Amino acid sequence: MKSATSCLAEIESHRQLADGIYSLWVKAPRIARSVRPGNFLNVRVADGPDPVLRRPISVCDVKGWSVRLVYRVVGRGTRMLSRFQVGSEIDLLGPLGKPAPRPPEREVVICGGGIGIAPLLYLVRDLVGRRRLTVFLGAKNRSELILRREFGSLGLRPRLATDDGSTGHKGPVTEPVLAAAAAARHAAVVACGPRPMLAELVRSLDPVPVWGFVEERLGCGSGICYCCALPKKSGGYIRFCQEGPVVRLNGVLL
Amino acid sequence: MKSATSCLAEIESHRQLADGIYSLWVKAPRIARSVRPGNFLNVRVADGPDPVLRRPISVCDVKGWSVRLVYRVVGRGTRMLSRFQVGSEIDLLGPLGKPAPRPPEREVVICGGGIGIAPLLYLVRDLVGRRRLTVFLGAKNRSELILRREFGSLGLRPRLATDDGSTGHKGPVTEPVLAAAAAARHAAVVACGPRPMLAELVRSLDPVPVWGFVEERLGCGSGICYCCALPKKSGGYIRFCQEGPVVRLNGVLL
Amino acid sequence: MTYSVRIGGTTFPNPVLAASGTWGFGLSFRRVSDRLGGIVTKGITLEPRDGNPPPRIHEFPGGIINSVGLENPGLEAFRRQVLPAMDKLKCRVIVNVAGFTPGEYATVVGRLRSRRVDAFELNVSCPNVRTGGGAFGQSPRMVETITKAARSRTNKTLIVKLTANFVDPVDTARAAVNGGADAVTLINTLHGLALGQDGRPFLGGRSGGISGPALRPFALFCVDRVAAKVDVPIIGSGGIMSGQDALDFMNAGACLVQVGTASLVDPDAALRVWLELKQTVPGSRASAWEDIVGRTRRFD
Amino acid sequence: MTYSVRIGGTTFPNPVLAASGTWGFGLSFRRVSDRLGGIVTKGITLEPRDGNPPPRIHEFPGGIINSVGLENPGLEAFRRQVLPAMDKLKCRVIVNVAGFTPGEYATVVGRLRSRRVDAFELNVSCPNVRTGGGAFGQSPRMVETITKAARSRTNKTLIVKLTANFVDPVDTARAAVNGGADAVTLINTLHGLALGQDGRPFLGGRSGGISGPALRPFALFCVDRVAAKVDVPIIGSGGIMSGQDALDFMNAGACLVQVGTASLVDPDAALRVWLELKQTVPGSRASAWEDIVGRTRRFD
């Protein structure tokens, strides 16, 4: 793996997609050139040491020299991030993480839940034309079903689910996914979303291979601190920021 | 002394007066009502604990329900302050400090140096018509000679000095002050500016009483922590945030 | 349901106290003092003290370092001038006592018989004076001696405020218990040094004591550790800024907490901590704290 | 003029090192490693270790708490797989060693005879494992025993990394010197506890070690204190983020410094610290550090 460096990137656009969910485009040629699906950036949200650590955000999309991040405000760090103004600069470290492997299976089921939809866009862009894709997107409600247009413009017709039934299937996105994937016996699943969603997919689809983006607490994100242990089923841990963030969920404890 | 409380005040205007010098108007009715010349506010510049402490800024002026602060960016805290946007709220604690006593002398010489000009405006407003005033303002150069218009609109004609001679006397403001005050034997001097300026005034004018705003490092600003010791000539310390910030400089070690 | 906490002979109406040295004598913000569990005074010594030269305070990320150096009017002026003014306070009053010999602690404690004083907190842990103070707190034997000396002169509630500077507070807490303490406060400030660009010590007192959020996880560790090993009521102190912070210290084993540095930032902080803490407590028990104090160890 | 610093038999081209556990084995960012004074490896134990369950890291204002728990491949895998890969590094390499008995330290040190290893840093101060490690560092006698055991097995430069958790590092530094150490590192992380809202310990290892700027003033105090009392070269560690921070530690008495947590935030941090530090040094002496190391004490 090439070693990552940090850079200051100019913010080109920054807007709210839904309640507490933001889309950020930055001009970052070096990153745009080298980033692969599955990679993430480690974002500095403070100019002093509070919080000390960066915040990891997956690359949602790339266009020319620009990189898109889509994130949800969940705490202090992401709230600070949401206050960055267009035109100002932001300190990014990356690209980090192992590029997501393209599943060998010809048929791939994509499942995104909530903010977990975001990292899947760039990954799907890479798989379009290379695999037969079925995309399932779920969220709390219609407005949080983000990036539908972007998936649509890839020629895909995502199947939708919302908890409140305001769009698509009423209920968890896992329900339509399980129905479809059980039918497609030779499919692989690539998922991103809350841990319980990932765990449910692995459990119910076994032995279908499920690849997932996991959110682990990171230290450095660049492999030097061993703070990002993800427990393996076989015992021991994987160094998540090096082996992930996209891992074969069948082999790990969620 | 009434005990101070903190309040959130809306920023009504915030602009740069000169290189690194800012003027901030906030809407703070409770403070505007009760603040006296010499008082200062303790301003929260971070929303977390870095920096932990507030930053003390003197009240520069009051108009209706609004209070004006004028400050210079000298470090991290004041830089953070300079980034507050119009319309946002700022956390102010105050008014703090002992109101500046009106010198009993009929004639008062006012001497402001650099950012030290700012706290004098409100004090001078209070003295106009009550004392015979001569105002001396000095700064590095013409553009840092702030608030000239405001002093002018009080009917005063400040005598000016700049280090580079770009306006008024070329040289330290102490030079014209010393000339004038030596003539006016029964005057008191009220000064605000860098410590060396204050020390020079006291030394050269002795035994003329010199009242000055001193900048001491504060903890709480409200009298509870004893972190603000200003050494007395007679030994021991005064609790500066309670006895100051305007003190009779003849009695303290600068 | 009651929110009160009893230590020795003193009942505190709620568990949030203002910490010593960060609340003066409780008189500046009576509207706050009167609603707290109690207040701890600035440290009192037998003789008056001018304290250290300025600067006395320095900031670093997440914390401050102070070197006030026990500036105080001394026992007699405190007794005659300050204590009468404190009569109007409606809260529990703990007098923080410092000394340079065990006898000094005993004398100060012995002479403060006023009913306005509910309890004493022996500060054997102030890092801002060269002799005595901090050094005492690093020796379990000295802690026991000082506690005994004070105990022999008063029946009021006796708290010993311990340091974790270069000493295991488990050892000094045991010593305090052996000396007759009703409770221990954990922890006082940690040693800290700040330098100017030229290498010169920044603080007038050369070094100082670290407080604020930067101290919190270490203080919390100490409370948890002592709670597990010594059977003594603990008063938690170190970087408490919110109700959740106070709850953390109670979960770790403290039955009371002190708010210090936070009051420097906002004089309403201690009261806010109390009101926030109260919010977090389910209202179902006879004592609000029954299920809370020491809860952390139940997960072991 | 030279920027180099000599300790024991090792000459470091400049005084800035990457700290143990925060730089892996120096291989991820060679462009940085190769320009530093040297790198300290992740702690190596005799047997491989999986480390602690997640979460292993927590933040608080100004600092972090980690409980990695010495995850490492163990001596043999380190020797066979990692060390050969480190051959390409162009910088000094210090191997950080941890153990659960004095014999384990000695064994690890004794078996690492490769010329690629310039020095050892004995970690007697890791707070993240229940036995050994941290507890050793709190006992001057154990520090001496471990240092002696290691000294008897190697001629390489021997550094002992001390804790200030509940022990005066003056005592353990003397013990390290008596045991034959060439230098001491001050300080390792301080104990820290973080709790979840329900009172449950947040970290998988229950508690962890505090590092980052929040640790800095305490670490600086320790360096100054040991420098004044013990005649031993000191390597400073604790919250160093900038050239000025590094200069502070050298002024206080350190002849080398380590950058730890800062590298987690920015992999270029250690290099930046070195470049900034270099800027601050007037270029007039034979050794750049002559006037700097221990300068603070000249103001006393």
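To keep things simple, chains are lettered A, B, C and D as they appear, and every chain counts its residues starting from 1.
Everything that follows uses one rule, which is that a contact is a pair of C-beta atoms (placed from the backbone, for glycine too) under 8 Å apart; a residue touches a chain by one contact, two chains touch by 3 or more.
Here the structure is a predicted model, which means the values were calculated and not measured.
Chemist: Count the smallest number of chain-to-chain hops linking chain C with chain D, moving only between touching chains.
Modeler: Minimal hop count between chain C and chain D: 1.
Chemist: If you tally the C-beta contacts, which comes out ahead, A-D or B-D?
Modeler: A-D
Chemist: Among all other chains, pick the one whose mean CA position is farthest from the mean CA position of chain D.
Modeler: Max centre-to-centre separation from chain D belongs to B.
Chemist: Round to the nearest whole Å and give the separation of the Cα centres of chain A and chain D.
Modeler: 36
Chemist: Using mean CA coordinates as chain centres, what's the gap between chain A and chain C in Å?
Modeler: Computed value for the inter-centroid distance: 48 Å.
Chemist: Roughly how far is chain A from chain B, centre to centre by C-alpha average, rounded to an integer in Å?
Modeler: For chain A versus chain B, the centre distance works out to 53 Å.
Chemist: What are the residue numbers in chain C that touch two or more other chains?
Modeler: Residue numbers touching two or more other chains: 61-63, 212-213.
Chemist: Which residues of chain A are in contact with two or more other chains?
Modeler: Where chain A meets two or more other chains at a single residue, that happens at 48-50.
Chemist: Between the chains shown, work out who touches whom and classify the graph as line, ring, star, complete or other.
Modeler: complete
Chemist: Mind pulling up the chain A residues that touch chain C in the complex?
Modeler: It comes out as residues 48-50.
Chemist: Would you mind writing out the residues of chain C in touch with chain B in their complex?
Modeler: Within the complex, chain C contacts chain B at residues 21-24, 28-31, 42, 50-57, 59, 61-64, 66, 68, 71, 204, 212-213, 241, 261, 263-268.
Chemist: Okay, in this complex, where on chain A does chain D touch?
Modeler: Counting only chain A, the residues touching chain D are 3-6, 44, 49-54, 93, 216-220, 222-231, 235-237.
Chemist: Write out the stretch or stretches of chain C touching chain D in their complex.
Modeler: Residues 58, 60-63, 65, 138, 164, 166-169, 190-195, 197-201, 206-207, 210, 212-214, 216-218, 220-222, 224-225, 244, 247-248, 251-252, 292, 295-296, 298-300 of chain C touch chain D in their complex.
Chemist: Considering the complex alone, what residue numbers of chain D touch chain B?
Modeler: 61-62
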